[in-house]
Amino acid sequence: MPKLTLEDLEEIREKTKKTTMLRGDSEFRAKITVHMGTCGIAAGARGIMAALMEEIEAQDITEILLTNSGCAGLCSKEPMLTVEIKGQAPVKYVELTGAKTKEILEKHVLGGKIVEKYALGIGSEKTDY
Amino acid sequence: MSSENFDPTLIGFLCTWCSYTGADLAGTARMTYSPNIRIIRVMCSGRVDPQFVIKAFKEGADGILISGCHPGDCHYKEGNYKALRRHRLLRKMLEQFGIEKERLRLEWVSAAEGAKFQNVCDEFTEQIKELGPLNIMKGDINEYREA
Amino acid sequence: MVNLKIDGKTIQVEDGITILQAAEQQEIKIPTLCYHPLMEPYAACRVCVVESISGKGSELVTSCNTLVKNGMEIQTASDKALFARRMNVEMLLAQAPAAVPVQELAKELGIEKTRFKIKDPDEKCILCGMCVRACEDIVGASAISFLQRGQHREVCTPFGEQSEACIGCTACAFFCPTGAITVEDLHGRKVIHSELDLGPSTAIRVPIRQAVPMVPFIDEEACIHFKTGECKICSDVCQKEAIDHEAQDEEIELEVGSIILASGFKSFDPSLIPAYGYGRLDNVITALEFERLVNASSPTGGKILLSNGEEPKSVGIIHCVGSRDENYNEYCSRVCCMYSLKFAHLLKEKTSADIYDFYIDMRCFGKGYEEFYHRLLHEGTKFIRGRVSEVSDMALSKEEEGKLIIRVEDTLIGVVRRIPVDMVILATGLEPGTDSNQIAKVFNISCSQDGFFLERHPKLAPVSTFSDGIFLAGTCQSPKDIPDTVAQAGAAACEALALADKGKFDLEPITAEIDEELCAGCQICVGLCPFTAITYDKEKGISEINDALCKGCGTCVSACPSGAAQQKHFRDKQIFAEIEGIFIE
Amino acid sequence: MAKIKKEKEYRVHLMVCAGTACVSNHSFEIKEALETEIKKQDLDNEVLIVTTGCNGFCERGPLLVVQPGNIFYQTLTTKDIPHLVEEHFLKGRPVEKLMYIPPEEKTPIPVLSDIDFFKKQVLIALRNRGLIDPEKIDEYIARDGYKAMAKALTSMSPSDIRSEIQKSGLRGRGGGGFPTGLKWEFVSNAVSSNGNVKYLVCNGDEGDPGAFMDRSILEADPHSVIEGMVIGAKAINATQGYAYVRNEYPLALNRLYKALDDAREYGLLGKNILGSGMDFDIKIVRGAGAFICGEETALLSSIEGRLGEPKPRPPYPAEKGLWGCPTLINNVETWANIAPIINRGAKWYSHIGTETSKGTKVFSLVGKINNTGLVEVPMGITLREIIYDIGGGIPGGREFKAVQTGGPSGGCIPKEKIDLPIDYESLSDAGSMMGSGGMVVMDEDTCMVDVARYFLSFTQDESCGKCTPCREGTKAMLDILTRITKGEGTDEDLTLLEELAVSIKDSALCGLGKTAPNPVLTTMKYFRSEYEAHIRDKKCPAHTCRDLNVYTIDEDICVNTGHGCDLCRRNCASDAILGERNQPHQIIQDKCTKCGVCYDVCKFGAVKVD
């Protein structure tokens, strides 16, 4: 690696910031949670996760938190994922395929418009009684 | 003339600093030595010019003695070395003139060697007596040419 | 300048000095152990702590290295300072009980006994590091240093092995305040300080006590500066700045009018006479060695002792050793009789030994000499007339055991006697100096048969030589004693001054000259002249003779082919005339 | 513009702690187990394993922090890994049984920042702790690494930098607490005796027993020290830097060597740094293990290759240090604080801490404490908060007795002063000192006389032996203390001990000697009663000094509850116990070597120690 100049330093900072952002408690614009219960995995949730990761890498998307969680409870509709845009209610999408996930990513996560045809419902389950 | 009543005349060229003082010492020490030798004082044995030797033989000297300081003792450092060189050359030349090389003698006599000077003179005189007189033709050169 | 208060007294001192130095200027004594004026302060023993009171309270500082500052207030013996100093000394007393400076300091500070555990009662080392610093900073050899830490700290060479860096200068032993380093055990070499047996003594010293001039010299083998480039303490300490290590021997060429040769004599080497046993038998010594023994600055301090250290009971003095002897030197060395009498007198005075003096003729020629001889006779010295044939240690009877037996034919009573003595002194004669023939060559003077220089005339010119302007004095001309030498020296000086006083210099009368018309410029004569008196003049194309240089030997005249060169008073014509004169009846 | 290779995208980063403590706790085996499990679940292109420097909570090593989410797992064993990988990384369900549960509580706390140990800490020197891989320079740069250096080199003049540090109020973290700004000012004003040669040294000797702050900083974030040193070099235009690190820190040394090479490769060190025309390089010198070489002048002698032995001051190193040239020496932690100050400004820094002591201090919390580890707390925090909130209190419910700060040169602070706010002045007023940051917590079972003896044995052994008071004084004090712990002490010993302490403190040459008596002085000041107990009643209240213990057996407990189980007799090495099964046992006092085995072995508490 030849000697760096100031700009190179800045460039490295930006590039590696993405990977380290995961670690700090810095804010994210949106969070996608792929539900990976045993049934979810059996239903192909791994494929969904792979597709999402490819897409994010391809488009060099930043500030999107991609994570997984356990079974969301609705086994029949697996594989499922939930998209949570900061400040909006989470939206669950069901019976997904690789292509559908890319479309959701494109339209909802980046575009900000909910893709009605794949969505199950808006809002999250009630947890505080 | 037979050798007994032959009375040679010898000339001795003595350097002032050593040989002449040596001879003087022999004299003050009452050492008698043969009267045949007549002494000519020169400042240094280096001063003895081959011409003098030839002139002396021409005038009728029967033997010539040159005496200087021992090598290294010369008051003028190198005079006696020069004399030594000239003596070697001169002896060869004299032989070509038909003069026996014994008639020319070089000796080193220091100021303290009065005794040595005495022996040299006596010995030299005896030697010349045996050689007999110097019989080189006198007069001018043309006579020889005819003979 | 800096103003500060010491023990209540406000003083002004120049900047950059330490509190210790300021106190010394005020004659206030502060104890120190690891401080030495010639070294950087090390501040290890902490015995020189003083109390320094400033705005924000007081603290203890070591006075040996703390520099003075404006407005400082120092108490050298306040309770706090004394308390800490006493405690440190008490601890040192436990660590190095046998160290004398610590014991003295402890007494001074009123410490009877140390309350701490004594490890080794005869330990002397207080780990002040003076030796290490001397070796490193002053000598530059860095042969020793501290090893280990804390309680195991000690001074040693790396790995305790003999170190090549050590140059045996014993600076460490010199600087050690408590004598913990003794030279013997440092590197196993016995060190003796004496002229005869030169151990590594101090590098700068006076050769011997009666040296003339009494000026110290630097012995390059022992001097550290010439080994490591460091040290140079002597020049720091010398107020007159008389020491310059860089000075080199230089040859000075002097133009002088006249020279007085006084190159002295050589004492005859008695080992050439095996019968006397010199060098083979103990206690057979030469006169010079006895002179050295009797001298106050001798290794024995002037006492006459045998080689085993005891005082001799009987001494034999043998005259004419190497003089008046056909096999060695025929001449009489003139001085031996009188100095032998002096020895006999000294022996009588300093020891209770009976003295035998073996002489051939007692030559007491000088003023008062004969009277001295008579005094000796009354003092009881036994004089035996006869030449000693042999000194041997072969004892034939009981009382000869362990003695030197002198066999001599006592000519006065016609008997060969055997005299057992403890010590034999050989009155060795005088010989020409070892280099007298080189000197003769250099100065172009000749030597007499016995090798001494030849004077121009024994009666008319006893101090001059054949070469004008070169004079002789002292034993180089012939053996003589001090009164005669002094007289002769005076004469030689007068002769030299007479020569110089004339103010003009008479040229050599019999010099050569070159006739300009006849000279063809062949330059044969130029190379010939031993005194380079002839030079070739390019413009005129002829050679010329310099009158002042020409000595008048005439060699050039006889070599000149054209007869241009002629010698005044010995012209060719004159010699021809002499030759012709011989044959005129 | 340099072509930087594309980093592979991951959605989960496993921050495995690889500090020396965790490594010695087999954290590398945990890492290998994780690798194999992840490969088995073919999650290896979704989950990245990162080894970080010391995370701080050494008590609970080996540690793992899962990012994002900051989930904290502790005391992991290789057996837990398969379940953890499948549960959490595959199925996204964190595993509670592996989480941290505070003592005397039941509910686990998943998120690291909610754990008390971490909550009250303010990280400046340890800002990248557990968040970056110390051996990857890019990750350091990503967290604003070398940003301060770039700013300093390109847009700040040396005097700007120096005034910024002065304004920040930063003081030396090595123990002395000398204002860093002032020291920098001295060095930059000093005239060098050899051209313009000035040196800059990082003191990483850290000889205090139980102190590991510098080690953790070097292991977790070596670049922070390098960046600090380069900024310092610009501030005083130093020409050459030295990092003096103990040879006993191999991991820290490797990471520092790697960091230096990476920095040189990136042009952040060496010739023409960042094109700014400034040349500066750092050479590592490894300490040979002498505690004295932590003292600045001894350290310099050691770098010069000479005997590590302190030199009298003045002249201070700032004027005449390494090879006689002006030298700036600061501790590792001080250097680590420089970059944040330059980055975020002196004002931000001076808000943290107290009036006289600004910023934070890293303490190594050890001894009788639940949460042993490395804590970085703001100055002014009270002892109570450190011990109870962060430290998690004293194990086994025993009572807190005292805390020893500042290592062997520090002193013991009794429990009465638990609410003492921690800063330079408060600690030295209490007779101790900040020191490098060692904090040893002691409970009722610690005998203060023995603590003093232990620290004296350390300083006595490590004394360089140059000056009399320290060489002989510490030995004398140690002899006395040893006698006292053996019950042979007398009253005169006490007075002599005090006299010695005062005279050594006053007249010793360097810091080691001057502070060696502190443990004794403070323990005598606050726990004089224990000394008297040892001397007069020949008793050690904490039963640590074995020679003073008297073991007896309470016969009725032995028979009624223990039925004469005979366990003590069988284990007694010098068979000083009489009795058979079902019979009361007795101890023969003069045979008893007071080894205490019977006391430990007896399950019924029949053996009493007095």
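Read from first to last, the chains carry the letters A, B, C and D; within each, the first residue is number 1.
Convention: a contact is a pair of C-beta atoms (placed from the backbone, for glycine too) under 8 Å apart; a residue touches a chain by one contact, two chains touch by 3 or more.
The structure presented is a predicted model; accordingly, all values stated were derived computationally and were not measured.
Chemist: How far is the middle of chain B from the middle of chain C, if each middle is the mean of its Cα atoms, in Å?
Modeler: Whole-Å distance between the two chain centres: 56.
Chemist: Would you mind pulling out the distance in Å between where the CA atoms of chain A average out and where those of chain C do?
Modeler: Roughly 103 Å, centre to centre.
Chemist: Taking each chain's centre as the mean position of its Cα atoms, how many Å separate chain C from chain D?
Modeler: Averaging C-alpha atoms per chain gives centres 70 Å apart.
Chemist: Once you find the CA centre of chain A and the CA centre of chain D, what distance in Å lies between them?
Modeler: Distance between chain centres: 42 Å.
Chemist: Work through the pairs of chains, note which ones touch, and then classify the graph as line, ring, star, complete or other.
Modeler: line
Chemist: Can you identify all of the chain pairs that touch?
Modeler: Here the touching pairs of chains are A-D, B-C, C-D.
Chemist: Which of the residues in chain D come into contact with chain C in the complex?
Modeler: Going by the criterion above, the answer is residues 290, 292, 307, 309, 312, 314, 460-469, 471-476, 479, 496, 499-500, 502-503, 506-509.
Chemist: Give every residue of chain C touching chain D within the complex, in rising order.
Modeler: Chain C residues touching chain D: 41-47, 49, 59-60, 62, 65-67, 80, 83-85, 87-88, 91-92, 94-95, 115-117, 126-127, 129, 145-146, 148-153.
Chemist: Okay, in this complex, where on chain B does chain C touch?
Modeler: Against chain C, chain B makes touches at 9, 11, 17, 38, 40, 42-44, 46-52, 55-56, 59-61, 72-73, 75-79, 82, 86, 110-112.
Chemist: For the complex, which residues does chain D have touching chain A?
Modeler: 1-2, 4, 7-13, 15, 45-46, 48, 67-70, 90-93, 113, 131-132, 138-139, 141-144, 146-147, 150, 154, 265-268, 272, 274-275
Chemist: Okay, in this complex, where on chain A does chain D touch?
Modeler: 1-9, 11-13, 15-20, 22-25, 33-38, 41, 49, 53, 56-57, 65-71
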